[in-house]
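First chain A sits with chain B, and in the next complex the same chain sits with chain C.
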Partner chain A sequence: MISLFKHTALATMIGLSTPALASLAYVSNEKDNTLSVIDTDSMEVVDTIDVGARPRGILLSKDYTKLYICASDDDTVQVLDLATRKIIDTLPSGEDPEQFALHPNNKHLYISNEDDAIVTVVDVTNKDVLAQINVGIEPEGMAVSPDGKWAVNTSETTSMLHWINTETFEIEKNIVVGQRPRHVEFSKDSKIAWASAEIGGTVHIIDVGNLEQIHEMSFKVPGVNQDRVQPVGIELTDDGKYAFVALGPSNHVAVVDAQTYEVLDYLLVGSRVWQLDLDKDQKHLFTTNGVSGDVSVIDVAELKVIKSIKVGRYPWGVVVDPTS
Partner chain B sequence: MKAAHYWHCFVGIQTREWLRFWQQRTRFASALVRPLLWLVVFAAGFRAVLGISIIPPYQTYITYETYIAPGLCGMIILFNSMQGALSMVYDRELGSMRVLLMSPLPRPFLLVTKLLSMGVVSVGQVYVFLLLALLVDVEPPLWGYLAVLPALVLTSLMLGALGLLIATWIKQLENFAGVMNFVIFPMFFMSSALYPLWKMNEASPWLYWICQFNPFTHAVEAIRFSLYLEWNPVAFGITSGVTVVLALLATAGFRPQRTRILGTKPA
Partner chain C sequence: MPHRYLKAFTGLLAATVLSNSALAEPLEVGIGYIQWIPDQGPVLSNVIPEPEDAGLKGAELALQDNSTTGKFLGQTYTLESTVADSGEAAIAAFDSMRRKGVGLFVVNAPAQTLKAITASANEETLIFNAGAKDDELRTNGCHANMLHTMPSYAMLTDALGQWLNQRRWDEVFLITGPTEADKGWADAFRRAAKRFGLEIVEDKPWTFDADLRRTASKELPLFTQASDYDAVVVADVRGDFGEYVPFNTWLPRPVVGTQGMSPVAWHRVVESWGAAQLQNRFRELAGRDMNSEDYAAWAAIRSIGIAVTDLGNANPDAIRSFLFSDKFQLAAFKGRKLTYRDWNGQLRQPIPLVHPRGLVARAPFEGFLHPNTEMDTLGFDRPESECRING
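Moving on, here comes the complex of A and B:
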């Protein structure tokens, strides 16, 4: 018994003295003004952090030490230090920031300002606003290609993808897509971009080499009315095998063969599935389900939903820290 | 009496049940059509209407097909048990039951063996149903198929004992069809087989309490939890308790001489 006590005490001390090994996922809760921190091993919420008003888009710095948060109703981008879990800074963002993207140089943050029809580029190191680029009406989605050459903004009302040259901050091409484009995701090699159109119900695949659309796909979820099938978040696996598309109020995530663009399956998740992120070894995909207030976890190898984790109200964005 | 006698009798009753099953293969097939229709047609129409929510033992959102599959397993056993009871009334009327009960072995042993043999046939049907349910994406974990076996056997014993008890009250075959309607349908509909109990509670609290007091609810929950590798002591406890009580009542009350064949006086 004494020996057992000693072992337990020792194990506790080791546990206290070493940092947690578990991988962490961060989820922004739009209505609660909080972030939920999920341990991706135990699949439980381990912490809730108070942040600014109406947090939506979130992303990690390239060195994974900071988390940037679009606090939409505070008209600012907050910087959270991941080690201390404290807000350490705010960045000028323009009004009502919703989505943003960080350039691979870890400096230039591209923020879409929905109310002003502009994209603001901020240098996160000195808070300088480097450019304000006029785009279409109600800019929404924002992405920067992994090679750093392109920033793409989607404008909801104009239904366009605006291709911004990251050296000149000038729009080089506009591509018309389906109604209300929401999100853009690049393949790892920066050769292909996937864009979702929420009202159009379509996903558009763009060849980045010549900036032409090479494919357009739509979705039919069995037993679900077609007007509820609204593609939003997209996530691509690094091996080029799958694309996952969150289909909003249809409560399903589409699994797409990223080579043939064939829909392989529809996976049932919570209500109004919004954004997606893969964990570090790409074994699990996390989805935010806004209306049901939870995060569903998909086993990528099995293509099955294995768990749904209750978080705050209206979870919007999710990122998994690959270093934790 | 030696153990060998018991074994001989046990094997005899099992063999007779399997022979009966083999002669009634079409009944076996038709008994599968009923739950499959519920699974494929009814569930497809209702999946959007009933909404979804996470309730134990499920870890995430499920389709309505997945929800009702354990209830339909219970349905197969329920129908089989009642049909088994019907066949006991037949046996009694035609005298073969009396032949069985002439055995010098204790009557409770004979009746429980009879219930077990009927249960084995039911459990076989449930497994065929679960395999077919894979086609509509009802995919419990692999070990769940093994873990559910005790719950299925327990459920078939409980419902078999209920059937036997009903059979002791029935004096004529003609009365039985009516009783089946008054037993099978209320038991099935007023349980958690088709709707989760929280949904029943939303609709009406008294209906919820009826469902709570229905032992079939707990049998279905025992099947549901086992199938998904979760332990539900309440469901198992209630199902086991009800099984023991029903089996005691049924074996104590079973009187073959109460049978009247088409108005003739008992011998």
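Moving on, here comes the complex of A and C:
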């Protein structure tokens, strides 16, 4: 199914004589209202796509044919067809969508509505709004566990993780964490959730089985004032070896042993590093650097920054299409 | 107002039904807000009036923010607010709220009124100064139960001083208005000039009493005559003449200070670090832009909210201890966690430098070093203040 889809997509792309056949990364540029498309083999920007106002969170459909884009200032979620690179649809999203997460069923999209203290659940197949769930002030981070059981929302000003049962769309548990929680990332087996708190400067490790915090991490970047160490994006390798934590205006990414929660290294990247994504074989990690307007590429085996790629103004989100 | 109570009540119900481990005993937190802004007298450049509810709306927004968090924890917040028409009325409002059992206060009033209020404060009261910028309240007129969320004149002028230094615009022409506030601002700037190596080439009091709307272009060029300077610094807190200084100086130089480019606690042009969301929430509530007074009141009530979330009670003494502990950090849309200085109760904070339609820079600047936190390069640091409110 997927390969068929991709085959058709590929055929279409060839038909349109789109040059890129290599693996692609998509970067949302918050202040340019564009996406930059990066060829992850040549590490160059191969295309720039106009999208809605203030694009922030982006994610791929589970069949990798579409890219969903939070166009925050347009109060909508746009659907980009990856084969044609055209916006083919918009979804009702509630006001000011910032981040979102797609359920493994490829249907239910959980959207943080930052200005409304609400999480909106939309069925992407028929655009039905299935639920609107009241959460804390400034809902931001959104994640759905790989087993599909939990949706987690972080509310920045309330400083809580809200655990939403994906069957009932009701909050079952609220966990108070450090100030300004930004992002949640699940381990592949859905057993552990990692949550970053930007102002708290902490990462909270939650045991999903009993919904209790089992560890709290903090970071000390040599030569950087502690105030500037602000964890945001988190990315875990599938082999369970590493967690990468973007540390915002400290301009570093922390490399963490995902089993012992020990910080192994700090890697210097661009200014105000925000979100992260691994490429398909998990050899490279891409980081968006909001202030310097570029993407840093980290070699995962060597734990070294090997390249920086200039993109648009205020790059926010990054996803790599693992099938391209 | 009834709508908000209804919302809080529903929130409470929902929280009770849910198996919420963070759920504590139901708790009601009462906060008093007292505002008294003296009449500024007739001013010349009064084209754009200041909002009369500056401060109050910030308090209301923070109360909403606290209530949203509280509904998950079984905590409700109420705000009793008084906009007084005299200093005496403000003090009377404080006494009356105290008698009703309110222990947490946000006061937006001149230093003199604030001092009269704090004179009767004890361990059962905690007062946030969200209005008075006077340095004296942070250097020797401190009170153990008073915290300051409004930046002091010294913090504001140090921000400006650092900026002038790093721009290498170090020769300035200072114009000071006639009011006590103008003198307070100018004294703070003179201190900043010494700290950051600026030279005040002319230090002139404003004495003209003509209406500048007719004659600014004629009078100000003559008034600002000097051999040379890099910038003109205006100390005109109430906005009497300062708006007419830009573009009317003898030499083609920028104007900074209380007008032109100004150091402020908050302004509509601040949008980074999630501030856009705070600005949107505020505009929706108040129908106008958020200013420094609103921000100071907001920060005070959010500080209370964060403490109550952690403590599970609203005891003023316990809140005070928590706010000075390592556990407290305020996420307040300035790109850094904010904390209170333990010697004088001042909230440390970056200071935006703004012009009416844009952000120019944000102090503290790189290179101004401090052993503890760069934010303490702004205002009176521990060795420079006589206050020791925590011993």
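Note that in this section the second predicted complex is superposed on the first by the 303 of 324 C-alpha atoms of A that agree within 3 Å, B and C clash if a C-alpha of one lies under 4 Å from a C-alpha of the other, contacts with A are read in each partner's own complex, and residues count from 1 in each chain.
Definition applied: a residue touches a chain if its C-beta (ideal position, glycine included) is under 8 Å from a C-beta of that chain, and two chains touch if they have at least 3 such contacts.
Just so it is clear, the structure is predicted and the values come from calculations on it, not from any experiment.
Engineer: Looking at A:G201, would you say it contacts chain B, chain C, both, or neither? Reply first, second, both or neither.
Structural biologist: second
Engineer: Could you say whether A:I137 touches chain B, chain C, both of them, or neither, answering first, second, both or neither?
Structural biologist: The second partner, chain C, only.
Engineer: Of the two partner chains, chain B (first) and chain C (second), which one does A:D32 touch, if any: first, second, both, or neither?
Structural biologist: In the superposition, A:D32 touches no partner, neither chain B nor chain C.
Engineer: Classify the contacts of A:D321 with the two partner chains as first (chain B alone), second (chain C alone), both, or neither.
Structural biologist: Once the two structures are laid over each other on A, A:D321 reaches no partner at all.
Engineer: Please tell me which partner, chain B or chain C, touches more residues of chain A.
Structural biologist: Of chain B and chain C, the partner in contact with more residues of chain A is C.
Engineer: Touching A:V305 in the superposition: chain B (first), chain C (second), both, neither?
Structural biologist: first
Engineer: Can A:R180 be said to touch chain B (first), chain C (second), both, or neither?
Structural biologist: Touch status of A:R180: second partner only.
Engineer: What part of chain A is shared between its chain B contacts and its chain C contacts?
Structural biologist: Touching chain B and chain C on chain A: no residues.
Engineer: How about chain B: which of its residues touch chain A in the complex?
Structural biologist: Residues of chain B touching chain A: 44, 47-48, 52, 54, 59-63, 139.
Engineer: Can you tell me which positions in chain A touch chain C when the two form their complex?
Structural biologist: Touching chain C from chain A are residues 96, 114-115, 117, 134, 136-138, 155-160, 162, 170-176, 178-180, 198-201, 211-212, 225, 227-228, 249.
Engineer: If we count contacts the way the header does, which residues on chain C are in touch with chain A in the complex?
Structural biologist: Going through chain C, the ones touching chain A are 11, 14, 18-22, 65, 68-69, 72-73, 274, 277, 280-281, 284, 302, 306, 309-310, 329-331, 335-337, 373-375.
Engineer: Touching residues of chain A toward chain B in the complex: what are they?
Structural biologist: 223-224, 251, 268-270, 292, 294, 296-297, 304-308
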